[in-house]
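Lettered A, B, C and D in written order, each chain numbered from 1.
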Amino acid sequence: MEGEAKKIISEFSFLSSWEEKYEHLISMGQEMPQLDNSLKIEKNLLRGCQSKVWIVCKYNAGKLYFYADSDALITRGIVALVVRLYSGATPQEIINTKLNVFSKIGLQDHLSMNRVNGLNIMIQKINRHAVKCLNDE
Amino acid sequence: MEGEAKKIISEFSFLSSWEEKYEHLISMGQEMPQLDNSLKIEKNLLRGCQSKVWIVCKYNAGKLYFYADSDALITRGIVALVVRLYSGATPQEIINTKLNVFSKIGLQDHLSMNRVNGLNIMIQKINRHAVKCLNDE
Amino acid sequence: MNNYDLEKTANLFPCLSRGEEKMIYFDNAATTQKPTVVIDSIADFYTNGYSNIHRSAHNLGFRATQRYENSRGVIRQFISARESDEIIFTSGATESINLVANSFGKNIVNKNDIILVSEIEHHSNMLPWQQLAKEKGAKVKNIPLNKDLTIDVESMKKVLNDSVKLVVVHHLSNVTGIMQDIKEIVGVFQELGIPVFVDGAQAPAHIRVDVKDLNCDFYCFSGHKAFGPTGTGVLFVKEEFVKKMSPYKMGGQMVSRASLISPEWADPPLKFEAGTPNISGIIGLSAAIQFIEDVGMEKITIYEKRLTEYMLEELSQIPELIIYGGQKKAAPIFSFNVDGVHHSDISTLLSENNILVRSGHLCNQGLMNYLNIDGCVRVSLAFYNKLDEIDQFIVVLKKILSFLNK
Amino acid sequence: MNNYDLEKTANLFPCLSRGEEKMIYFDNAATTQKPTVVIDSIADFYTNGYSNIHRSAHNLGFRATQRYENSRGVIRQFISARESDEIIFTSGATESINLVANSFGKNIVNKNDIILVSEIEHHSNMLPWQQLAKEKGAKVKNIPLNKDLTIDVESMKKVLNDSVKLVVVHHLSNVTGIMQDIKEIVGVFQELGIPVFVDGAQAPAHIRVDVKDLNCDFYCFSGHKAFGPTGTGVLFVKEEFVKKMSPYKMGGQMVSRASLISPEWADPPLKFEAGTPNISGIIGLSAAIQFIEDVGMEKITIYEKRLTEYMLEELSQIPELIIYGGQKKAAPIFSFNVDGVHHSDISTLLSENNILVRSGHLCNQGLMNYLNIDGCVRVSLAFYNKLDEIDQFIVVLKKILSFLNK
């Protein structure tokens, strides 16, 4: 996770205008494989975001994998970033690590990381899932 | 009413310290005949004053007469002043006249003419009674 | 009394011109900025004469009570109510609506009765009535609408029957700025003795509200949407109904006879203002209302008409843009979508460019459903906004749309 | 963080030193004055970053949301709650109490059940429970008291039975300044699984409140009695109970799933904060709490102990004076009567001499009945009051008594 976080921060550090930053974010979203329509269901929908965000968690051989999607371009980019950060980590890693990637890529203020783009809610969901995996073990 | 108001204002105009003014007010209360205990009943009690205030209205030959009492010294003085002002007036006079005696005797600010001393409530009651007398005619 | 130059009023709102970064504040339907006179009146109260009210035996308390009660008079006059006793202070439109649903609705709505509510109400003017209906076994029924999102009075007359006990409608839509013809609607129900509740949350910042003329039985709004402080609200209740209402909250200040076995409530409005109210807020609200009157409600309405027309003209130049609610707006509130673009992407990038708008369901899922959309962008102006801000907004919007469509 | 000199804090409260006429403000149990930092924080919010919160897509809204939510953290820490989600913002203690009576009480109290309430509660902590009992066909029963007006825990254990569903008690009396031993009381009910509601309206201005240590299930207070703005209140609810509570007000901000047929509520605390809250008030409240912490709660408590002892000593020199509630005060709140003199005469003449106190039933008819009086004079101090103000007060009081006894 830490490694991926550093990589993302470095990618953004070369971009200065909002156009460039958002272009990168959006293209990250476009590179992420789309969620199959059969998974874009009520049950996987996050509550409280302005755009739709679906997220699916898989637990396999001690690691957590996330698959997600959104109907808005920018949110999809954020979702992709979150998936890049957390997918493949162990539950313990996820619980222990507090990332502040968003404040470091120069979008913290701009993205209004509140309900609107669902970032908090996404990370909450990921954390809850990690806790659950640990408890189930 | 106007005449009595002028007289009261002039009486107070000779007094300067709070002791003198309150002494006069209190003595006005003491000069007023006490209400008979049989009239100090629930039904004649004004709601919303801090001290108890009883008031009885009589209508006779086109004029209204008020008899009142209170269990607090200063309130009794205020009650006496109000009785002096309104007793013996016609309902029409009462409805038409807006007196501002209290602001003129130098006690307005001090007396906190709100619920506490019940002045507003007393005058409201007197006015309502006057309206009722007119309507009943 | 001041006489402000409308063109220069923006300078009187410190938050609009703070710091270096120039911001275009187009989120006025969510909340309005505060003029200096309002901010100062709150500070002045706390600095020069702060006290609790109503029950104090001292001068400080007496003067605070006077300021609070004078505010009631200011509001009464502002909305042309007959009596100050018809004005109840609350913490906001939401509390005003909940108060009526509980203190009045519960007394008059029974099993199988009908509450008529337009289906395009703000959540705050929908959920309390649904809750009331649920508790009472009553039904919430939709009021028929015309294509332009106004109430279809003729069709409405047809759904009327004896079971209808209350009618609920907004004055000015928080999504479209479209105004309902309250007077005509009240006309229909008045004859039948059915009370009409009007949610006026969006109105007093834009148009003259005259409850005597509208002739509605209930009217409410929030202070913070009319240049006043947060935590303040107004509820107007016609005298004949205020007397039929049970208390809402229970507590200090609202008992006149302090027997606890069978308490006697104070007369309205105090009966509905249990506990220590938002005294500084109400004093600030009356400063806001005084400010509006000093600027001139009529001047505001005329000026905003120009803003509205100009914005509509400019938006109509963007072909992919769908604007909701048509042309007949009573306030410069514009909600739209752009074909193929997500509303949240637009609002995020507008914010990135220091243009503050809102997007989403706008707490009006009913209208979203009616329009068959899941959200939209809302751009809402106030009288301190300017034509050149509209120009800048349009330039940025076009840039964003071409960026997102790449 | 500031480190204030306790002896000089009065200078930080502009209303205490305004104008020429020197005022002695001894009405702190009704409401406290505000320090400059609180007044400024409100003005700063409106001047430098005003916006609505929670649902805005723009930075201004994001930052306002942060300030509002940070205030929740400040309050959590102030009263040592475990989680910020246990802190619900309301408009005051009265609303907090009504909220619990409606959102929780209605769910757990049924016909013939018992709500144990001490008979000496403030009206705001009495009427809502009586109303709840009335609606549900339940009973309000008195908690037995000791002579010193504390709860008689041993006798209380004897009146316990299966029908008791809720216990309601104050922390610090608004009439006597006497403190209840909440920890001991909770200890009794905890075992039985009976929740305890504590009205702490008077506490946070005087003593350290630690809800984890008290171990109560509900605790509430008003901002305006703790040097914060009017229109603000706090309700602490232990996590296990907050989840069992139905919403109170319905409206915007409190739905997570915007289906109106079966709405899904937001998680607590937002579920209980429908509509636009008193944002500026809550920000001001957190400035007040920060101020208290900077002055030092422990220092305040020690200093007020001195004030209390000194006042008691002085008052005991006046033989005709009857003081209620004995010597063991946790706060400098003194209520008394003087034989043969009416309390309202005393408070009127004190006010005449610029000493501001209160008289009457003090919104606590229950305690008046218990003491068999129809009212009294209340003198209530805060940490900004001084020993020499007590001296002046005593001089004037004696003068007034001899004037009235003439």
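Here is the rule we go by: a residue touches a chain if its C-beta (ideal position, glycine included) is under 8 Å from a C-beta of that chain, and two chains touch if they have at least 3 such contacts.
Keep in mind that this is a model prediction, so the values were computed, not measured.
S.K.: Farthest chain from chain D, going by mean C-alpha coordinates, please.
M.R.: If we average the C-alpha coordinates per chain, A ends up farthest from chain D.
S.K.: Higher C-beta contact count, B-C or B-D?
M.R.: Between B-D and B-C, contacts are more numerous in B-D.
S.K.: Please work out the Cα centroid separation of chain A and chain B, and write it as a whole number of Å.
M.R.: 75
S.K.: Could you work out how far the Cα centre of chain B sits from that of chain C, in whole Å?
M.R.: One centre to the other, that is 43 Å.
S.K.: So the centre of each chain is just the mean of its C-alpha atoms; given that, what is the distance between chain C and chain D in Å?
M.R.: Whole-Å distance between the two chain centres: 31.
S.K.: If you average the Cα atoms of chain B and of chain D to get two centres, how far apart are those centres in Å?
M.R.: From the centre of chain B to the centre of chain D is 37 Å.
S.K.: Among the residues of chain C, which are close enough to touch at least two other chains?
M.R.: Chain C, residues with two or more chain partners: 55-59, 61, 344, 347-348, 351, 359-360.
S.K.: Could you list the positions in chain B whose residues touch two or more of the other chains?
M.R.: Each of 50, 110, 112, 116 in chain B touches at least two other chains.
S.K.: Can you name the residues of chain A that touch chain C in the complex?
M.R.: 18-19, 22-23, 50-52, 71-75, 110-112, 116-117
S.K.: Show which residues of chain B lie in contact with chain C when the two form their complex.
M.R.: Contacts found on chain B: 47-48, 50, 109-110, 112-116.
S.K.: Show me the residue ranges of chain D that touch chain A in the complex, using the header's touch definition.
M.R.: 54-59, 61-62, 65, 256-257, 264, 266
S.K.: Would you pull the chain D residues touching chain B in the complex into a rising list?
M.R.: Contact set of chain D toward chain B: 342-345, 347-349, 351-353, 359-360, 374-375, 403-404.
S.K.: What residues of chain C sit close enough to touch chain D in their complex?
M.R.: Residue list for chain C touching chain D: 14-15, 18-19, 23, 25, 27, 30-31, 33-34, 38-39, 42-43, 46-52, 55-61, 91-95, 97-98, 101, 122-124, 126-128, 130-131, 222, 224, 229-232, 249-253, 255, 258-260, 263, 274-281, 344, 347-348, 350-351, 356-361, 363, 365-366, 368.
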